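Look at the two complexes coming up: subunit A is in both, with subunit B in one and subunit C in the other.
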Partner chain A sequence: MVRYVSGRLLAMALTLFIIVTISFAMLRLMPGNIFENPDIPQVVREALNAKYHLDKPIMVQYGYFLRGVLADGDWGTSIVLQPTKPVFDILWQRIPVSMHLNIVSLLISLPLGMLFGILAALGRNRAPDHAISFAVVMCISIPSFVFAAVMQYFLCFRLGWFPIIYRANQVGWEYLRQIVMPVLALSFGPIAATTRFLRGELIETLSSEFMMLARTKGLTHFHATVRHALRNSLVPMVNSIVGMFVGVLTGSLVIERIFAIPGVGGIMLQAINALDHPVTIAALIFYSLVSLLSILIVDLLYGVVDPRIRMGSRR
Partner chain B sequence: MTNINETSIPEFEGMFDPLNTEALKDDVFQTSPMGFFKESFLRFTRYRVSIVAFWIIMVVVFLAAFGPALNPYGFNDQNVARMNMPPRIPYLEKMGIADGSRILTNRRASGLSDLTVYPPGSIMEIMNPRMISGVEMVDLKVNYYSFIGLGDEYFWFGTDYLGRDLFTRLFRGTRISLIIAIFSVAINTVIGVIYGAIAGYYGGNVDMLLMRLVEIISGIPQLVVFTLFILVFGRGINAIIFSFVVTGWMPTAYLIRAQFYRFKGREYVLAARTLGVPDRLLVFRHILPNCVGPLITRAMIAIPGAIFSESFLAYIGLGLQPPEPSIGVMLSDGQRVLLQFPYQTLFPAIIISALMISFNLFSNGLRDALDPTKRGEF
Partner chain C sequence: MVGRELISLDYAKVALESEAVLEVKNLSLSFRTHGGIVQAVRHISFDLQKGETLAIVGESGSGKSVTTKAIMGILPGNASIDTGEILYGGLNLVQLKEAEYHKIRGKRIGLIFQDPLSALNPLMRIGDQITEVLYLALKMPSRQAKERALELMTAVGIPDAEQRFYQYPFQFSGGMRQRIVIAIAIASDPEILICDEPTTALDVTVQARILELINNIKRERNLSVIFITHDLGVVANMADRVAVMYAGKIVEIGTSEDIFLTPEHPYTWALLGSIPDLDSPKERLLSIPGTPPNMIYPPVGDAFALRNPYAMKIDAVAEPPMFQVSPTHYAATWRLHPKAPPTQMPEVLQARISRMKAGA
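Now for the complex of A and B:
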């Protein structure tokens, strides 16, 4: 187990290092950044040099950048959006909002997706299965921003059931009402993905011999499925959580914009369009970190669930 | 060897009647043997949903190819005199759908006869008359085209905030989406096949090294790769395709690697190798053809993914350089005026949803049709 975990950690650190390096190279080598402006006064230039060590070779600059990030938590300051404000502070306010939304969406998606998956597998090739499969294709195909737009127009605007945009500092019932739409828009895809995956896995497992044994010894169809087949199907499903979480995180970029939610996605889009590179890079590293962490957690979970992996044999 | 029927053995002469040599005890095959692809095609034709999906794709492809040329408006003809026009389609307008109408609220009832404001034939319906502080006010449903003096123009899907024809823009955007999707998937497939074939065929340390590399690359979120590529290389079609290639080739490589592991130990491969067939031929002539079915399925599944990614990037402002249209850009522009002009979101939403659903259903059918375990099943 120790060897397995350390291997995963090493791979993760390497990936993160590559991402940070590429991001840094982009920041310094990109055409048209503020450091190349010839009109900068000498005083400002010296100040910039002192801050970013621009007069040193690029490798030395990279060393300073890494030391800043690792030792002091210094991600640089925003240039355009909120000048002189540390990037870390800008992101720190917004991370909880985004993460909250994503985790709620995932917590809804997994049980619902599993429920539909079991229903579809139990009623295989009959009406419930066909209905669920049809809905799955729809939900997997239609982009979340189309869902969001349709729901925003009909449910929020026409029917007025939910607020059209998100307002900060709401609590209790009002808060719940306003996150329903974004969370739903984010959840359709993952629900459908879970359903499809579990249905496929269950159908494969249902025809195996131990299921026949379970039925032979007198368990009901439902009981056998939930107690025996489901457990077996959960092992590969753990792995699909990563993709889902990263997908939800990416999707929330657009959903946050549609419902005007002050999350990381919004600030990243603004930063991209305003060419505020320090903010962009910090946001990208945030996304990478979250995705890598979820990969790590799932890998560890996988090790816990499946002893073959824990014991060090190849997947 | 002589035919036994013609051999006469003297001592048994006349004791036996020869069997009827004409009658065959076996049935003759009535059909000619069928290859894998022919059978797959026949199986595919039985999936009605997939056939419908295929024809929807064909219609959208046709419109993407020729749609922008079907009306006189260019994709970037800006004209503020005709901005945010509602959709108006010939023939359908007589049925009350897409008739170019718009509701104008709170108009003075006394001004309705003013022909300079309301040209003849522009008022379609007068609704909701009411008195507001002594003045009679009404809501009007007008033919917006006649109302602003463009009586014989037809913008099928309406126009946007710059007066650009949405039909032309939508299908020009669809065309670009399809081109990006097809090119990126084709390149992905080639790279994935070569990479997966090398990893799977040679195995051992080569495989270990290559797969560690894939693991590291696939740890980088797609979004990060897209953003970096497009910020650094600009918003060209090449940068977008390239960023899709960087993130998209790995599933194909995994697939091909797994297939190679399955087939490289088979006896026929061993036989070919014993006969001195070089590695290159073994890989491409003897093992790879086994992977064609899953490969086609994988590529077809990747296409809607690429279409989605393209429109997603365009939506968040990382798509092609304006004024080049894209479904994502149109959806994002439409989102801003969703509550006033929902049709500006409606049409791009329908097209992208139809395209994604059709491609998914089509590739589902293709997957079942090309599934080698279903040979002989109809």
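Now for the complex of A and C:
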């Protein structure tokens, strides 16, 4: 187990390194440089380029960047958005906001999606299933930012039920009220994905032989469904959590922007547009790290829920 | 041909001296499919006597498995029972509601599946799969349920039951899994055991042991067994009586001796003629030409007529009733009609039967 996890961590580090390398190269190859401003005198521009090592070849720049991060924990400073402020501090303030939003959204999506999936599977090919499946198709095909914009207009602007934009430093009731809209907008997709996935899995296990055996051995329909069908169809769900978590994260890139939420997603978009590369790359690393970690956690969870995987190596 | 006489479709009960534990009367059931309505079982009647093994044989699609599913009340959603009744202990199972049926399933009638590899829940410990019915349905305290499960596991021949109790199905071989399925089927002491091709998915050496196990359990617990198979070799070892099904009907029913030594229906001849055996001189096995009829449009008359070299004109016009051959033996073929021209079974089969008689 320890060997497995350390092997996985090593592979993760390698993956992360590759991601960082590629994104660093891509960012530096993007056209444009904030110091290419005719208003800045030549001398100042050269001094700035020298300060941020922009006058060196890209390999050397990458070397400086890696040494800063690995040796000194120095992620560089923001150049445009909040000049001279360390990137690490900028992100550190924003990560809790984003993570909070994402986790709340997942905590809502999973049970709701499971509930709808079970209802659809049990009422297969009847009215509830058709209604749920229709809603699922809608929610999967309409992007979250459309929901966000529509809800923001009707529920926040026209009806005034919720605040239109997010305000920092709110607590208690006011805080809950302002995250309702973004969380909902983030949740439609995952709810729909969970519903669809669980419906398919459950229908398959419901018609499985062991389900038949459970019934012929004399269990009631309810017991057989809960103990055999439901339990077994939840196992592959574990795997889809990764996809959902990453999906929610990327969804929040846009949603945070719509509701002016001071999270990682919002700052990353701003940084890309403003060519504030140190911030962009730090945000990218954050997203990659979260994705990789969630994949690892889910793989470990898989072993916990499925004995065939847990004991596979010992056999 | 002795005792030849025409009797009604709802033919008389087998005149054995025991009582019937299960009676199927005039059962018909059909499936709604995209292609149309498939008449899977058409007006079949049989009974199961206390302590006997009744084998139902027939090729794929003849309706044998569906019949057992109807008895267990586990027909798929697109199936419907059109006529007939299934009588068990004064109840007509056809009319039983789902809420009541689980009192019959497992507790009164147990079922052994064809494929033990997929019949066990892969994520549940073997022990839990045996005990869950004991404590969920029979409200047995869990310690007692475990003891009973261990007894059952030992009874079906699983060594180290105590240790195996906590293992998962993937740690068991096919034969061992089938033993577990058998243990589950007999866990709540049913009176009737239905075996739906229990050895088809197993390899030959394991087959023999599982059959022996089923026979032992049947004797020890005085079970009545319905044994579904398409393997006549298995039937010969297991069955007291045999029902031959073709195209959703029982075409011949009788004791094992009746069916193996004096078969009357040309379809039974064809089935028996197609068994390979070691003693046969260089003879070709008989095969049955053609394919079974499409049961969305069941043929008029005798369903087997098109594949039957002995078919007569009337076979294409009217369905043959059950003729009584002896008090225990019935067959649905116009051959047995008093006015039918005499026909002889194929020589290959005749030769084989005389060898069997000589050997026996």
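Some notes on this structure:
Rule of thumb we're sticking to: the second predicted complex is superposed on the first by the 255 of 315 C-alpha atoms of A that agree within 3 Å, B and C clash if a C-alpha of one lies under 4 Å from a C-alpha of the other, contacts with A are read in each partner's own complex, and residues count from 1 in each chain.
Keep this in mind: contacts are C-beta pairs under 8 Å (C-beta built on N, C-alpha and C of every residue); 3 or more make two chains touch, one makes a residue touch a chain.
Computed from a predicted model, the values in this text were never measured in an experiment.
By the touch criterion defined above, A:298 lies against neither subunit B nor subunit C after alignment on the C-alpha atoms of chain A. Applying the stated contact rule after C-alpha superposition, one finds that A:22 touches subunit B and leaves subunit C untouched. Of the two partner chains placed by the overlay, only subunit C lies in contact with A:216; subunit B stays clear of it. In the superposed model, A:232 makes contact with subunit C only, not with subunit B.
In the superposition on chain A, contact of A:306 is made with subunit C only, not with subunit B. Applying the stated contact rule after C-alpha superposition, one finds that A:183 touches neither subunit B nor subunit C.
More residues of subunit A are in touch with B than with the other of subunit B and subunit C. Looking at the shared chain after the overlay, A:208 reaches subunit C, while subunit B stays out of its contact range.
Of the residues of subunit A, not a single one touches subunit B in one of the two structures and subunit C in the other. Residues of subunit C touching subunit A in their complex: 72, 74, 98-99, 102-103, 105-107, 110-111, 113, 115, 118-124, 132-133, 136-137, 168, 170-171, 181, 184-185, 187-188.
Considering their complex, residues 208-210, 212-221, 223, 227-228, 231-232, 235, 305-308, 311, 315 of subunit A touch subunit C. Against subunit A, the residues of subunit B that register as touching in their complex are 212, 215-216, 219-224, 227-228, 231-232, 304, 308, 311-312, 315-318, 331, 334-335, 338-339, 342, 345, 349, 352-353, 356-357, 359-361, 364.
Those residues of subunit A that touch subunit B in the shared complex are 11-12, 14-15, 18-19, 22-23, 26, 29-30, 137-138, 140-143, 145-146, 149-150, 152-153, 157, 164, 246, 249-250, 253-254, 257-258, 268-269, 272-273, 277, 280, 284, 287-288, 291-292, 295.
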